[in-house]
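Shared between the two complexes below is chain A, which has chain B as its partner in the first and chain C in the second.
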Partner chain A sequence: MEFMSFLVRRVAYSIFVLIGLSMLIFTIVRVMPGDPARLALGARATKEAVQELRDRMHLDESLPVQYYHWVKDVLQGKLGISLWTRREVSIDISRFLPATLELVLFAALIEADVRILLGVIGTRYRNTWVDNTLRVGTYFAVATPAFVVAIFLSLIFGYMLKVLPIVGRLDPSVVAPPVRTGLITVDALISGNFTAFIDALKHIIMPAIALSLGGMAQDARITRSSMSDNLLKEYIAVERAQGIPPRVINLKYLLKPSLIAPVSVLGLDIASMLGNAFMVELVFGWPGLSQYGVEAALRKDLNAVTGVVLVIGLVYLTINILVDITVAYLDPRVRLR
Partner chain B sequence: MTAEERALFKIRNLCVAFDLFRGTLPVLDHVSLAVRRGEKIGLVGETGCGKSVTMKVVVGILPIPPGRIASGEIWFDGTNILSLHGGRLQDVRGRIGLIPQDPSASLNPVFQVGTQLRDAIRYSHRHRNLSAKEIRRLAIDVLAEVGLPDPVRNLSNYPFQLSGGMKQRVLIAMALAANPELLIADEPTTALDVTIQEQVLRLMREAIDRRNLSILIITHNLGLIREFTDRVYIMYAGQIGETGSTRDLFNRPLHPYTKGLLASVPKLTGEGVPFGIPGTVPDYLNAPSGCRFSPRCDRTTEVCASCRPEMILIEGEHRVACHLYKEEQEDDPQAG
Partner chain C sequence: MTYITHSRLSKSVDTFREVWYKFSKNRLSIVGLLIVLIITILAAFAPYIAPYPAHAGRFVNFPEASQPPGSRHLFGTDVNGRDILSRIIYGYRFSLMMGVFVLALVVPIGVTLGLIAGYFKGTLIDTVLMRITDIFLSIPPLVLALAIASVLTPNLTNAMLAISLSWWPWYTRLVYGLVSSLRNEFFVQAAKATGASTPHILFREILPNCVSPVLTKMSLDMGWVILMGASLSFVGLGVQPPKPGLGSMIADGTQYLPDSWWMVVFPGIAVMIVVLGFNLFGDGIRDLLSEEEA
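This part shows the complex of A and B:
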């Protein structure tokens, strides 16, 4: 019961954030120099055509009225035509978004597991050479940009060892599974196409590692210090004195409170991955939304930029809700107050 | 047969040191104490005198390193705990229950009260292979025994939903749930409101009498000692200075430190403001090799700082470790 009310509060709060986000995006696009209609139609369009588009886009109305019409369109999925691809922006997004989502999902899965493993190892062997090696490794992993990692990975595993493909999401020789979710690995599993599943895994592993490495290293340290701090807590000593075995204490009573901070950070990491994926997408020829968004920004494709920012914002909000639910699950003080 | 030999629990010549970057701190210096069955024992001393270190060694939660047990023995019912490992150590530890100092910090904040209580029961009774139902039954019973209202509902409450007094009751329940023979209470009432302190003390006394337990209370609260205990050990800077029945110690304190300690308690009659003892507990790094109280003592002699005073039997169970009483020792054939 308490959990439901927490959930309702949390989602209601997100709606306010969403309204704020939409106003922000709307305003940014309107205050940019230049006439959106002229930009959309190009320099060679006639004045009449531009005026017609201005009327259609309600550009001569007051800002609140414009906002009203814009929101109405967005709610119906009408994000306008992309100047660059000449397609509906919503169609472009639905084509590019799943690739990025799949990439970020795998990166997050790798990050979430490995950092706990490294954090536990770092705590178990804290202040020994194992811990110190991990610490130094963290500095390198955090300081190296994802695209450098991406290039190194593809050099080593793609060109030299030739064990992993270096470009794309699926080998052209492999029959692609029918599109259901757009995530090739998931689609392949649904249709039982294991050849495609393995091939998609091989394609995604390097970009996912490159994307997650920095955040993973940082999170491993946060997990490690969170665990090491909690290890000194009075309640852990009391649990030991109560005869609860060390294994149970470490994996249950110590791990759960120690995951609260790292889970919150993981949410931020995933959000920044969404935006920062473009370099990795570029190196691995990954047809994702980040790459599309950067391309659109460089070509001053306002409709596409608006659409991409809006979608990334939505995904970000969703991830934050999921993170908050996880934190609430871990920490009763958050959900019961 | 002396008190020491009949004891359920005894510590003999325990020396514990801390290896820190700035040097080795010899915190506990030849600490010996004993608890007989059914006895209520007090371990008294000011903050930083090594009481909690003693408690941590006994219940096995001393962080090692930096802590190190340099020498000594801890006997429980005929077994030296310090020589045990693994399952056998856990078995003996299960017979020693801990009531911790700060109830608010001693319960895991992200687990329901029942989760931790059930695990405490499950592992301390692990040879009995209790079913989940039996464990739950035991958990409810022991919560009812400590007077926690509505035990069934409180099983699924989180610690932050309970008051300090309720948390202390839960912790006492967790200690009792293992069916211990000895309770170790580390400042059990310090963190509680005065009104709650009285309730918790009554609760502890009832549980001890009903279950015929022994208890070692570690505290700096002389009122609590006088009211609650049969015998007392006075600790100063990791050394036991004096021991005896509570009555003897309060009526006829011998060690200069005990005298100072008793004199610093304000009197209800209002006659005179207590002076306290000048100075503070010494830095263990530069502790005197002899009597550690000697720098603060107003009756220090040359021998005090260099030579550790042995325990001298005065009368009955009253013993003191002080060079002032050396002459009496020579009359006592049992000492040495």
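This part shows the complex of A and C:
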């Protein structure tokens, strides 16, 4: 019961924040200098055409009235026409979003596993050369921008060693699986197309690593330090005295409480992944929402920019709710608050 | 909490030797300090240090285009024949400028809002300010900065503005947390009882106790602001050509991979080093300022 009310309050607050975000992005887009209608139609459009679009967008009304009309459209799924693709923005988004979700999902999976592994290794061999090498390595990994990692990876594994593909989600020679979820790896597995599955994995591995490396390094440090702190706790000493094998102590009694800190920062990590996806997708020609967003931003395609920001805000809020639930599972004390 | 008297910071600068001892206990902090110093000097004296100062602008020298690293051009040249080392040194100029301007804009605004919201905790002022802060934090900062930069004309000033608009809430939230617990301390009650004005209590009594955490965050944030600036510049929303932005140099170079690898690799390493330097330096500042609170 307690948990349900915690969840309801959490979701209600997220809806409030999302409404606030929509006002924020609406204000940013509408307050900018210049006429959105003129921008949409281009310099060669006639005065009458511009005025007609101004009327349709309610641009001569006050800002709150404009917002009211805009929200009415958005709730019906109408985000406006993209100036760049000339399609309804919501259609573009539904086409590009799965690629970005797949990428961020893979990056999060890689990050969550590897950082725990690195943290455990660091604790197991603490203050030896293994630990020190890991520590120096994490400093470099944290400081390198994701897009630089992306380029260095593609330079080494794509151009020099030629073991991994550099561009796109799937090789043109491979038959694409029928679209079900939009995540190519999942679709390929559903249809039993293993060639496509392997090829999709090969394509996603480098961008996913590039996205996850910085957060992974930072969290490996957090995991290691929280494990090392817990190692000194009395309950561990008691378990040792009782003769429980070290492996069981490490994995069962040490790891779970030590995961709380790193899981609660996962939300922040995903924030940086969603941001960095803009650059990494550009490097790997990954046809995702972020690449669409950058293209839209550079072309001042304001409907598309607004749509992309709202969708990313929605994804981010949802992930944060999931993270909170996971933390509540790992740490019962959180639920009582 | 431990921020009770506000004479701590002034005590800590008593002796330079003591400060240096605390800062230098971690060797990596010294490495960070050295990197920060070297890059600051490079940026400040770029016209005297860069081997080819003219190459930082609109300059074309086709006979020397796309040269690999060699004795004439240590880091090679770009497709226009411009010396990459010189452009990196000038790129550092824009990067540092960006870090300094963004923090100079963001810290006073964010800290003031956090002071006010924390001091009036539980009132309407607190609710409004902190809910607005939450809204700004509900989207990844880089996404918000990209969105803001996209509606403005792409250039350095607007990139700084865009980053600032997405950065201030972090300071508001930090200071809000500190003030929420400080407002019940005796020295605040005492100041109130003697009839001190609200601005006096906020800025003379409470603010000095927030200095250490804010300074620590600032020193760490320099690196992150520079990284975000490089990201915007990589996308094309930062420093505009022919001026050298570290991010845009990398973006330009990717077209000529893998043959002209030096156009990408050296600017990439340059970004990494400046961020690394400020991270290590910031860790040192944290060690220095947090130890005296323990």
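We take it that the second predicted complex is superposed on the first by the 322 of 337 C-alpha atoms of A that agree within 3 Å, B and C clash if a C-alpha of one lies under 4 Å from a C-alpha of the other, contacts with A are read in each partner's own complex, and residues count from 1 in each chain.
The rule is simple: a contact is a pair of C-beta atoms (placed from the backbone, for glycine too) under 8 Å apart; a residue touches a chain by one contact, two chains touch by 3 or more.
Note that the structure is a prediction, hence the values are computed from the model and not measured.
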item	value
Which superposed partner A:140 touches (first chain B, second chain C, both, neither)	second
Contacts of A:297 with chain B and chain C, given as first, second, both or neither	second
Dominant toucher of chain A (residue count), chain B or chain C	C
Touching partner for A:238 - first (chain B), second (chain C), both, neither	first
Partner chain in contact with A:257 - chain B first, chain C second, else both or neither	first
Partner chain in contact with A:41 - chain B first, chain C second, else both or neither	neither
Footprint overlap on chain A, comparing chain B with chain C	none
Contact footprint of chain C on chain A as seen in their complex	16-18, 20-21, 23-25, 28-29, 32, 139-140, 142-145, 147-148, 151-152, 154-155, 159-160, 271-272, 274-276, 278-279, 282-283, 293-294, 296-298, 300, 302, 305, 308-309, 312-313, 316-317
Chain C residues touching chain A - in the complex, by the definition given at the top	28, 131-132, 134-136, 138-144, 146-152, 223, 227, 230-231, 234-237, 247, 250, 254, 257-258, 261, 264-265, 268, 271-273, 275-276, 279-280
Of all residues in chain B, those that touch chain A in their complex	56, 59-61, 63, 90, 93-94, 98, 100-102, 105-112, 116, 119-120, 123-124, 158, 160-161, 171, 174-175, 178
Parts of chain A lying in touch with chain B, wherever the complex brings them together	232-245, 248, 253, 256-257, 260, 330-333, 336
